[in-house]
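In the two assemblies presented below, chain A is common to both, partnered first by chain B and then by chain C.
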Partner chain A sequence: MFHRSLRSRFAAGGALVLIIVGGSAALVPQKPEAAALVPAAHAPGPATVRRLSADQYRNIIHDVFGRSLDLGGYFEPDLRISGLLAVGSGKVGITPAGMEQYDAMARSIAGQVADEDHRAQMIPCAPKSADAADDACAGAFLARVGRLLYRRPLSEDQLEAYVDAAAIAARTTGDFYQGIEFSLAAMLSSPQFLFREARTVPARGSVHVLDAYAKASQLSFFLWNSGPDLLLLEAAAKGVLDRPRGLSREVDRMMESPRLEAGLRAFFTDNFGFDKITSLTKDAAIFPEFSAQVAEDAQEQTLRTILDVVLTRNADYREIFTTKKTFLTQQLGSIYRVPAISDAPNGAPDTWQEYEFAADDPRAGILTHISFTALHSPAGRGSPTLRGKALREIMMCQPVPPPPGDVPFNIINDTSNPLYRTARKRLAAHAANPVCAGCHKITDPIGLALETFDGQGKFRTTENRETLDTSGTLDGVAYQDAAGLARAVRDNPATTTCIVNRLSAYALGRATAPGEKAWVAHLQKAFADGGYRATTLMRAIAVSREFYTVSPPALEQSASAPASTGETR
Partner chain B sequence: MKVNRRTVLKGSLAGASVGVGIPLLDCFLNANGTALANGAALPPIFGTWFQSLGFTPGRWRPDAIGRDYESKAEMKPLDAFKARMNLISGCQYFMDGRPVETHITGVQIGSTGAIPVGVISAPSIDDIVAGMIGARTRFRSLEVSLTGNRESASRRAGSASNSPSEPSPAALYARIFGPEFRDPNALAFEPDVRVMARRSVLSAVSDARRDFSKALGASDRTRLEEYFTSIRQLEQQLELDLQKPAPLEYCARPGTPAEGVVGPVTDDVARNATLFGGLIANAVACDQTRVFNLMMGQAGNVRQAGSIENWHGWTHEEPIDPQAGYQVIVAWYSTWAAQVFADFLTELDKRKEGSGSVLDRAVVLWQTDHGIARSHTMDNLPIIAVGSAGGRLKTGMHINTPGDPSTRVGLTLQQALGVPAGTWGALSNATSKTMTEILA
Partner chain C sequence: MFSYGRLSAFALGGVLLFAQSALAETRSYAVSWFTQAMNSQAGDCPDGVNLPWKEHRLKILRDYGFTGEQIEAMVQEELAGKGRSPIQAFIVMRGRMNGQPVSPYTYPATVIDPKLHYVKGAKTSYGFNLDGQEGPASFIDPDTGEKGVDNELSRALGCMREFRGSKATPPLYWEWTWGQLKSNQPAWLITIEGDDLGSDGDVTVTFDRALEHLRHNIDGSPRKDVTYRIDPDPRSHNVYAGRIEDGLVTLTAPGTAGINLLQDPLVAVMFRMTKVNMRLGMMSDDSLDVMVGGYQPWSDLYFSFAGGGAANESASTGDMPGIYYLFRRHADADPDPATGQNASISATYYMRAIPAFTAAPNLKRPTLAAR
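Let's look at the complex of A and B:
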């Protein structure tokens, strides 16, 4: 009890005050250990070693070498755990087939960096001779990019190894630039680049904290979905991130940067399962208007809609479920049946138009977007069950159990029954079975509210000539249609609890530990007190010490080196 | 200059000094190409084919046991291979009190012999076998997806995720027979300077790479080990690229496959399965790999163009036809899939190596996720093993082993392929009972 009250006093008096004080307060020098002090009630989970996501990889390469570079190759499939790929990234490794791809990408990138078109711009010095090794020039280049790619300065040994590698390759090929190319390629396929190393240092109270550079990475991947920039690395080097005010100032700077959009996009893309959009296809015979372009635009539409709420207008997060404002392309307009006329010059592809659905339009909020209704439907029809399940799991963090084995389908399969003409009737028959009813009860009623949107997300009022009934209840709140469901979702307490849980798990790369409950409660309160603004929540996470505090590594695990490759089979 | 064994052995070829590693000598074919120069047979090949949704009850299991059985309707497409395969009926996936994750648990038990506890599972059977027979080829194994996704049932030891699968024949071609392919029958061999540079760079940075955070939990250490294993494999590929490959009489680089549609529509699946068959057969003949894995639709997402349901959807929503006594559309899919499998096998068999074929030295293990897809049963599973693995297995039988774990088949194949395993699987899915009736 004592600890808990101490904890909440800390929460209110510590992190929250920082938000108000911001960067304007005078810098009070503090010892890093003091800054790392966390109330004893806080029992953090372990540090996570995350594999870079495809977007993080791409963002870092573009940050370091510019956007003109073409990556080539493909990334290993991600793993979704606890609803997030960000959590799965702390569990996945690199398979040999995946390594082949990483190696191909690394060589492609390094080849472009060192080629005749780019080398003058990318490499800060010229070698004494283009056909021989030059350790000084190679070292200058490798130290500079190495610091950005590794998100920390290379150790002396590491730098020496890469300089040696460049020299060996330059001698073998008789070309300084090929030396640079192969050494850089090796750096890009190293674990320090492909994984997010989480180095920690002991802190008071039997916990560890991320070291300064790991803190910088923790922050930049969370807020920007990329590695730290030079300013942030500089701040880390000076110990600024170890001081609450310094940390707060850096967070302010980063949240004011246009790069915050990339961070928000990454979170919502992950949380809403948009990784599946790229492989979303509809049967062309049934849904001829649906195309890969529509799918891509549908994702972008929803992201733009969300960003308009949470970033541009910095409004209540829950508005994403009810907002009438959205953004459309001509392609999307054909399914939404609204005129999205491009005012772009002739031939300009795919320009975005702001669009406001009329007050009486059945569309309201992201649940009525194609990115939700079509994504959670099979190829040839809509699915109330899949949509209901997605709504529960994604928006409300309520997992729906998988169907049991040995399900008797004899009710549906009874040929003496006439065909059920609507999904409601088919599902009612199915749910008459008590084994199935338990779960379908929590998915189908809400999914049926979206039945007015067919398998590709187009509005309809009938199925097989029978008028659709979209009424239902969500946790006791009655509604008549999709817009009513959207309001019920907005007002459901699970909706806000869910986003806090998801965003904190996303930031940490793991589900929060039981000992971090108080922190999550503090975040919930900060979110509510701040008017449910996503940016408030992000900031509350970014400035809290708990975000950088981890459990100490187990003793037997700290002794040995991570890997030995002597025996591979 | 004529290239023969002697010129290569003398280490002199087109003026270039060529280092030939002693193990490669094992790969030399004898005069008729059916066996190695030292008299040993061509190495065995292992393949897996995982296909969701199985067969229709009453329409696949033969009435007779043993040899000379009559195939039921859905197995008829495989009649051309009947004498060269074994059909095992009656096996079961055991749940040991764990909940059935439909269409997932069956794949896990079928491929790894166990239901995983936590994120990291046991290695899949192909990984175990590849440890025996796949270590010296360019690709330890090749994973292919027939339905457009990147899933496979193949999992390395210590990995948290299954290996990615290649859904495009054109991309698989580029991976195997692209610019990095070294034709074993090419006259000249000049080690590539850039490959030499890459190889030296990998060695030079090897210690620097190990300089990784030491404070790691057990699972993170396992993940890093997986990374280093993958790097080691890359190094081995480079080492192979720097050696003159031993000539392989029946190896020929195939032409580029025509670009086609990749996805779950039946016509595309069938076409791609044939293309993959040809590519894999050539990859085997050129000794690029000795292990391959094919996945057909983990949750039955295969469908006919224009159909509102996919195969999986039909298993649950199609009524049982009162006249026929079974689900007619679902039965069509099962029969179609058996034909696609047969067409794939035909491609392996078309790749002749002397008097035999690639299929002759292979064994391809066909498994499925449920006994009856409609009700997600886990017993009475059909299992098919095609090929004798170069005479290591007796074939042509229907074996009925009601209530035995499915792992008996996998264990037997492992032993036939030289894996020193006495048991395979976990808990009730564990077995040490070899199917001695098919071991040659």
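Let's look at the complex of A and C:
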């Protein structure tokens, strides 16, 4: 299962590394796990093998070696599926060019770990001689970091292969630390590090469950966006995660950790498509105030706002759509036209401060943030259609079909046409084409509520000297302006359904399967009963057995049920 | 406390913003443009505009007694580009003290007066009647029609190519200088406070320096609506009583106070004038259009030029000691009791300012309850 799919997606360097580590005997399924009984109605989806995201890679390196290392290099591009990069991470491999980059990063990191500045801090033993191999010292170091990098103890074969490789390199170079460097680089280039394995064991009821270490990884990447810490690995080793009470205790510990913020940031960054904000640009002739720094700050503003609601205040998730509280930098303040101090030295990055928009301020919630209004707009103007589409798809999980290939956009793009001074009028003229009308009915009414924010997110009341009409309806609920739209989104049942679906898919690394409906319904209820607190929902996912339950491997399924349609990657 | 103001701001929330009292309205601005107010006209230099530096330096050589042949040889040597220019080598040490060459920039009085041309034909110049007199040489302000305008600085420098210009086309030197100042010094702030700035009435005008530099957009234009903290240093704090009528602010007691603003020491330690008068126009695009006149110690100005030495002289000011002599001749205030030499020269500066927020300097990341 795991072995075959992983090797097929690891194009270049994997084969070499697998030889070095001595094969893959550890990947054979192990004995059934008695504690993993799941309801008979639960028909889970397949296990996913996910490539580490760039942030996960960085987080693990920082967790294991500290923040003094320079990672350098470039990461492979991500793939968004079902609205999430986390889902796409289960479908992507590594290209030969990407493998070169991972290899370069691995060599760089290993070189820094073993260099004279870091070795005393990071390598827990001194070799008998710095000029020669020392299997005991090398083994101690490689076993310790290997457990953290692989998120499970190295098998004896793996450890022996790494120690042997280090010894050969040390003898060849006459330098113990170069031996360490070589083996560590190989470890960092291995599929066991770059991909999140999903080793499973058979459980009762014709399903499989993740083994203890895969559970630990499932949990830590979900809650912390990084690999398990030593305590979690220890809990896995002792079988604590296989017992509901033990699992619950570990989940509580992890959710009380400050590292939960990284997990929440990762989810909302993924869910809101903030990966696109790093390349967001505006026409400087039209929006000279918008810069790369503004875009970066805008993302951070929204993340801070969300974290304030869902983590700091542990409030109702839906409040993110209506909250007046936010966080600003001096640069953002100038676009929002509100006071925002930066008390950093001149030339240094702006500092952040809390801010609360006045009750009568047109801004309320994240839909009125620059990170939404500017991100979902073309370079030179706002776009009710793109904003409406984003709101439907991201906040309410309602996919909007792409436009046909031969649609003329000339009326929409001509913002200076005296016949159609406002976007509402331009879109009405555009939607006169029946081919266009269907989709625009879904997107435009809600997007037009945000027309008081121009293409860079700055407030305005007119377009081409004509007063903007921001009224509309969302699924039958009427509103007059952006604040009204925000309230309608907050109160729409699709908003809470969507976040449950997204968070569960994010946690699993795949869209939930039809046979997991009962679990999702349980999560919906837990979310509602818990006052729509995101932490309640995260905990409900993390402690549920279904989170760790997968369908049997494809080979097993095909042997027992030839007609199975289970995914066989 | 925050201060902010702009005409269109009222449309945003329908409330008065950052008023210092229940009745007062405050609007704050950051100075986004600063230049000597010039109004160069055709015919205002009947003796001719002073020569471009490249030609003028040859005149300097002639003034110092070099023959035509010697000068031509020096020019050819310079053109050959081998080693240091012999012309430049002489120019930068053309001062003579006890027969020894010295820096003409540090010791301008040791240089032969080149007798630069100055404005003789102009009737108009921006500014104010600072001394209350209307002499035959005084100007008329082209915007207000005020007579007896004292702006000898514009007369002195008005025939230097680098200082000729207008409000719309600012002098090269000041364009260069503001480029330095805005990037290297904290912003200058202007605050206007009154009961209702949309109506006629009394106001208070304050000039301060910020702790932060002026912020810019990616196209280099000054950034509106940035929040600046006011530098508590009293040396840059200036308060004037004024009156607003039809959006134009004038002082109610002109000539009774000066203006002092710390600036980039690489240009000058302080921008300062005495007996100040000013007018501040609130423009329809929310900006502020400011004319400030007064008497400025000309040595401040001279040494702000001279600090750049030969580079400034060749690139942005023209003949530096020549300017020194112009200042001495046209200075019209503060006579030295012993020598009678006036120490100050009447001057007018033009500023533009953009809407900004200002905050007390002790505010550290406050939680703000209102815009």
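Here is the rule we go by: the second predicted complex is superposed on the first by the 500 of 569 C-alpha atoms of A that agree within 3 Å, B and C clash if a C-alpha of one lies under 4 Å from a C-alpha of the other, contacts with A are read in each partner's own complex, and residues count from 1 in each chain.
We take it that a residue touches a chain if its C-beta (ideal position, glycine included) is under 8 Å from a C-beta of that chain, and two chains touch if they have at least 3 such contacts.
For clarity, every value in this text was computed on a predicted model and none was experimentally measured.
Visitor: Have a look at where A:Ser190 lands relative to chain B and chain C in the superposition and call it first, second, both or neither.
Guide: first
Visitor: Name the contact category of A:Gln353: first (chain B only), second (chain C only), both, or neither.
Guide: Only chain C is touched by A:Gln353; chain B is not.
Visitor: State whether A:Phe221 touches chain B only (first), chain C only (second), both chains, or neither.
Guide: neither
Visitor: Quick one: is A:Ala285 in contact with chain B, with chain C, with both, or with neither? Answer first, second, both or neither.
Guide: Both: A:Ala285 reaches chain B and chain C.
Visitor: Looking at the overlay, does A:Tyr150 come into contact with chain B only (first), chain C only (second), both, or neither?
Guide: Neither partner.
Visitor: Have a look at where A:Tyr57 lands relative to chain B and chain C in the superposition and call it first, second, both or neither.
Guide: Neither partner.
Visitor: Looking at chain A, does chain B or chain C touch a larger number of its residues?
Guide: Between chain B and chain C, B touches the greater number of residues in chain A.
Visitor: After lining up the shared chain so the two structures overlap, which partner does A:Tyr532 touch, if you call chain B first and chain C second: first, second, both or neither?
Guide: Once the two structures are laid over each other on A, A:Tyr532 reaches no partner at all.
Visitor: Looking at A:Phe547 after the superposition, I want to know if it touches chain B, chain C, both of them or none. Which is it: first, second, both, neither?
Guide: Neither partner.
Visitor: Which partner does A:Phe274 reach: the first (chain B), the second (chain C), both, or neither?
Guide: Neither partner.
Visitor: Considering only the contact definition stated at the top, list the common interface residues of chain A for chain B and chain C.
Guide: 284-285
Visitor: Touching residues of chain A toward chain B in the complex: what are they?
Guide: 46-47, 49, 76-77, 79, 81, 91-100, 103, 107, 155, 157-158, 161-162, 164-165, 168-169, 172-173, 178-179, 182-183, 185-187, 189-192, 194-195, 197-200, 208, 279, 281, 283-286, 378-381, 401-409, 412-415, 426, 553-554, 557-565, 568-569
Visitor: Chain A touches which residues of chain B in the complex?
Guide: 95, 99-102, 119, 131, 135, 140, 143, 148-151, 156, 158-164, 175, 193-194, 196-198, 200-202, 204-205, 207-234, 237, 263-264, 301, 303, 305-310, 313, 316-322, 374-378
Visitor: Spell out the residues on chain A that touch chain C in their complex, using ranges where they run on.
Guide: Residues 284-285, 288-291, 330-331, 333-335, 337-343, 346-347, 351-358, 360-362, 459, 461 of chain A touch chain C in their complex.
Visitor: Spell out the residues on chain C that touch chain A in their complex, using ranges where they run on.
Guide: Where chain C meets chain A, its residues are 2, 4, 9, 11-15, 18, 186, 212-213, 215, 217-219, 221, 223-227, 229, 357, 359, 363-371.
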